[in-house]
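Below: a set of structures, written as structure tokens.
The two complexes that follow have subunit A in common; it is paired with subunit B in the first and with subunit C in the second.
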Partner chain A sequence: MNAIKGLLVAVLVSLISVSALAEITLSTVAEVEKVTVDEEGNAVVTYVPADLVVPGDVVRYSITAANAAGEKPADKVVVTNAVPAEMVYLADSAQSSALGAGTTIEFSIDGGTSWGALASLVVTEADGSKRPAAASDVNAIRWKLNFSLQGGDTARVWYKAGLK
Partner chain B sequence: MKAPYSLMKAGLLLALGMTSWQAWAVGTAAGVDINNQASISYQVGATTINGTSNTTTTRVQELLEMTLTWQDASDVAVAPNDTDQVLTFLLTNTGNGSDTYTLTADSLLGTGDFDPTLVNIYLDSNNNGIYDAGVDTLYVAGSNDPALAADGQLAIFVLNDIPSPLNDGDLGNSQLTATSNTGSGAPGTPIAGGGDAGTDAIVGTSGGTQSDIGTYVVSNVIVSIVKSATISDPFGGNDAVPGATITYRLVVTVTGTGTANNVVVGDPIPANTTYSTGTITLDTIAKTDILDADEADFNVTAANAVTVNLGNVAAGAAAQTIEFDVTID
Partner chain C sequence: MFVKNSNIAGLLAAFALTVVGQAAWAVGTASTTPVDNTVTVDYEVSSVAQSQLSDTVQFLVDNKVDLTVAQVSDDNVIPNQANQVLTYSVTNTGNTEQGYLLSVENDGASDFAMNNVRIYIEDGTTPGFQSGEDTLYTGGTNAGDLDPNSVTPGDDTMTVYVVADVPPNGGGTSPADTEVSIYNLLATTTVAGSTTVQLDNSADAWAAGTVQVVYAEGTAGTNSSDADNDGQDSASATYTVVSAALTVTKSQAVISDGFSPAGFEKAIPGAVVRYTITLDNSTGGVAASAMDVIDDIQEDEVTYNADSVVVNGEAIDDGDTGTGTGLDATVTITDEGGAAEDDRVRVSGFIVPAGQSWDITFDVTID
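The block that comes next holds the complex of A and B.
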């Protein structure tokens, strides 16, 4: 009987931990940047759903991580996004809604094998020469949250890329 | 073929009005779907959990972009009553899909000193960039509108006749216009279903139509030669007696407008005189009698004559002086 109780407890614990494992929902939105000029001659930037784009358009990818209410805190949250091959990452556009709380943004120019601040990355050319990496060399970005994402909290990160 | 940014010259990009990241000659092709999915990892307690987001899909539409530029390095030199004088233009599809174009030429601009008379438009059917009469194809609007793939180029020739009378240096203009058959209008105008692969087309900054003007210049190039002779006899005088030396001087001047090409001056040695070996000079610099790298020879290009090849001489260039000696037999 005690053995059966123990088994039931084990099953319950595993059920609880399964529900705790599925707590963060990650969603991505693509929007194209539209620049219009208002009556006073000021440039007004708006974002509309990027279903259709043409070369030269700027697309903003927004990624939201939402920890459902009542769930356990998530630690060491890392959101990763590869820059689509047809797109060029635009300098300084990677941001986080939680920069103040501590988000470390890192870049990769080798598809996610190695990471670092953009200024620390070096491109080796076909002829063996080396040069500092430029924003256009970036092909993956990751955001490391330096805090625990509590149940009911969301963190939003984004970047902009131009269509080649 | 896409060229990596590092191979491109930043100055060229600026010249083309591109922003720094737009380093590709051909944009992403119309109809391509761009998919993007983010991923996440985090820890709950000691357990690491991985997840992914939804995938966004963005479809590339066709952007109508083009350039049309007059190609001749300088105003095309013509003479009054010349026929079928060629202006060369280059049409480039700078968009990301294929397109066809309607061409129109206008020679009644009234902007220069004269209006040439439009003859026809020809397409560079053998793609050598040079008008080949009888080879390149006559353009007929609506019948053989040129089709260009993304990044494709075609030379287009506008032929005009030149009226008369005209003055030296008069300018005449002729304008070529190419308009996308997919559509034109204000930049950003959408053309539903107009793009490749069933996409929409969107009019780019070119407005779907481009024009450029080529110019003719009336060039009356005149090559004049003034010949003079100086005699010195063996007795210290200037009498034309046997044994006296005659120094001939030819002063060659090019006036008018343009360039006289392949100017060759030939001067036969007069009867009863004999050329004095090794006496040719050009602007006082000695030239050999044999046919070699220098400009002059004797009795090679033409029998018993001095020949000097001055090459291409631009109008207004400094006069060139040829001298040589003969002796009276």
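The block that comes next holds the complex of A and C.
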């Protein structure tokens, strides 16, 4: 019975998605942050493709979700990104190109089971003691778009992490 | 009981995980590690959930060549000492196992150069330098691979000794007290297991999916061959001479002539002359030991007064050895030829402590 139900749902979903024709495309770019000093002594931050990355380097991951022109609006778009185990999320670096009513950025310190603002998360240490979560505890980030991504629109979100 | 045991096991497991995690964090992600960033998108169209989309980007962690050469200990030395030891550490602070070439140079700011300069590698059996145990390094060879990714403590570091002889041992002139000889140990990163210098790829075009090499040790150390970010590092350690800075002066005074009032004695036959030999170690850094003072008197003109030797205030009879603290001086009076009478006063086998000045006096009578 359950199997039949599942099958029906799957068929339904595929039917609707074909008929709805919302065409989201997703792309991710990893870039290394390079800080140089200009002639006036000011730090200049540039981003180059993440070809040469060594421990201590900062990588910016830029994620672009685009809805193809002429397609139906995509609603409740949620971009979820697990922070690679080798990387440490850098505080306040998760951002969004705010469109419409904006984006809610949430964090998880348990691999995506529970989510919330970073300040609301609590880490339980091995000895049972609790402390507020730090940016370095974050192992997944999600961006919930509080608006519909119209056909032809692009939402770009990004975060930065340091290579351990 | 069972619950208790499993709790302990759980605790141990957590502890072990913590330790391993810290080690991995401390050394940096090993080169060649692929780092995948996976992003997913969920969305709905017309209130119907759509298939999740996923995208992954990957990069390979490159080889961060980073090393730290550090001074561990200096050495205070005395002229003519052999096998004096400076201690350094060489640590691989990068993210890849590497080998190392070692060399040492005498710093330009040194007052003197040591002789017979060698490099030894601690073999780990007994801490500290042992010439029969530690490994004599041959220039141009790989001193040993260091692996920062190893979970075994110490695999990422080695202790290096510079061992040398203080002049005039082996030639040269004796260095003066407080003079220094500075040695700059240089370590050059090589490909692990070889003597091939690990070059960086800063001048090469990037090729997808390859592990490239970046020099990242930062500011140059003290060695003249060391530059910023060149895969080399260096550090200085110093030999400082703390020899007994002994000066010897001899003075004489007529102490009685049998006629003149005190203070106006004349050097006439029959007058007694007191010789004072001053051994001044007041600026010395260490005691002057195994002292041997020989004074040959002119037997044709003067005659030694028996039992007249006084060492730092203690009278010591001829042929005797003193008993005061540090005053184990032996007084020997001999005839060294010429006229048949005693003509050599020798005071031997005592120590003048650092920071002190001692007088040795003896009397003669003018013939």
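Everything below uses one rule, namely that the second predicted complex is superposed on the first by the 141 of 164 C-alpha atoms of A that agree within 3 Å, B and C clash if a C-alpha of one lies under 4 Å from a C-alpha of the other, contacts with A are read in each partner's own complex, and residues count from 1 in each chain.
In this text, a residue touches a chain if its C-beta (ideal position, glycine included) is under 8 Å from a C-beta of that chain, and two chains touch if they have at least 3 such contacts.
Keep in mind that this is a model prediction, so the values were computed, not measured.
Overlap between subunit B and subunit C is detected when the two structures are superposed via subunit A. Once chain A of one complex is fitted onto chain A of the other, the partner contacts of A:41 are absent, as it touches neither subunit B nor subunit C. Applying the stated contact rule after C-alpha superposition, one finds that A:70 touches neither subunit B nor subunit C.
In the superposition on chain A, contact of A:128 is made with neither subunit B nor subunit C. In the superposition on chain A, A:90 makes contact with subunit B only, not with subunit C. Residue contacts after overlaying the shared chain place A:51 against subunit B and subunit C alike.
Once chain A of one complex is fitted onto chain A of the other, the partner contacts of A:162 are limited to subunit B, with no touch recorded for subunit C. With the contact threshold set out at the top, residues 17, 20, 24, 26-30, 50-56, 59, 61, 63, 65, 72-82, 84, 86-87, 149, 163-164 of subunit A are in contact with subunit B in one structure and with subunit C in the other. By the touch criterion given at the top, residues 11, 14-15, 18, 24-25, 28-29, 31, 33, 35-51, 53-57, 59-64, 95, 201, 206, 208, 212, 214, 216 of subunit C touch subunit A in their complex. Contact residues of subunit A toward subunit B in the complex are 17, 20-21, 23-24, 26-30, 32, 50-56, 59, 61, 63, 65, 72-82, 84, 86-88, 90, 123, 125, 131, 134-136, 149, 162-164.
Across the complex, subunit B meets subunit A through its residues 2, 5-6, 19-24, 27-28, 32, 34-45, 47, 49, 51-63, 95-96, 199-200, 202, 204. Subunit A makes touch with subunit C in their complex at residues 12-14, 16-17, 20, 22, 24-30, 50-56, 59, 61, 63, 65, 72-84, 86-87, 126, 149, 163-164.
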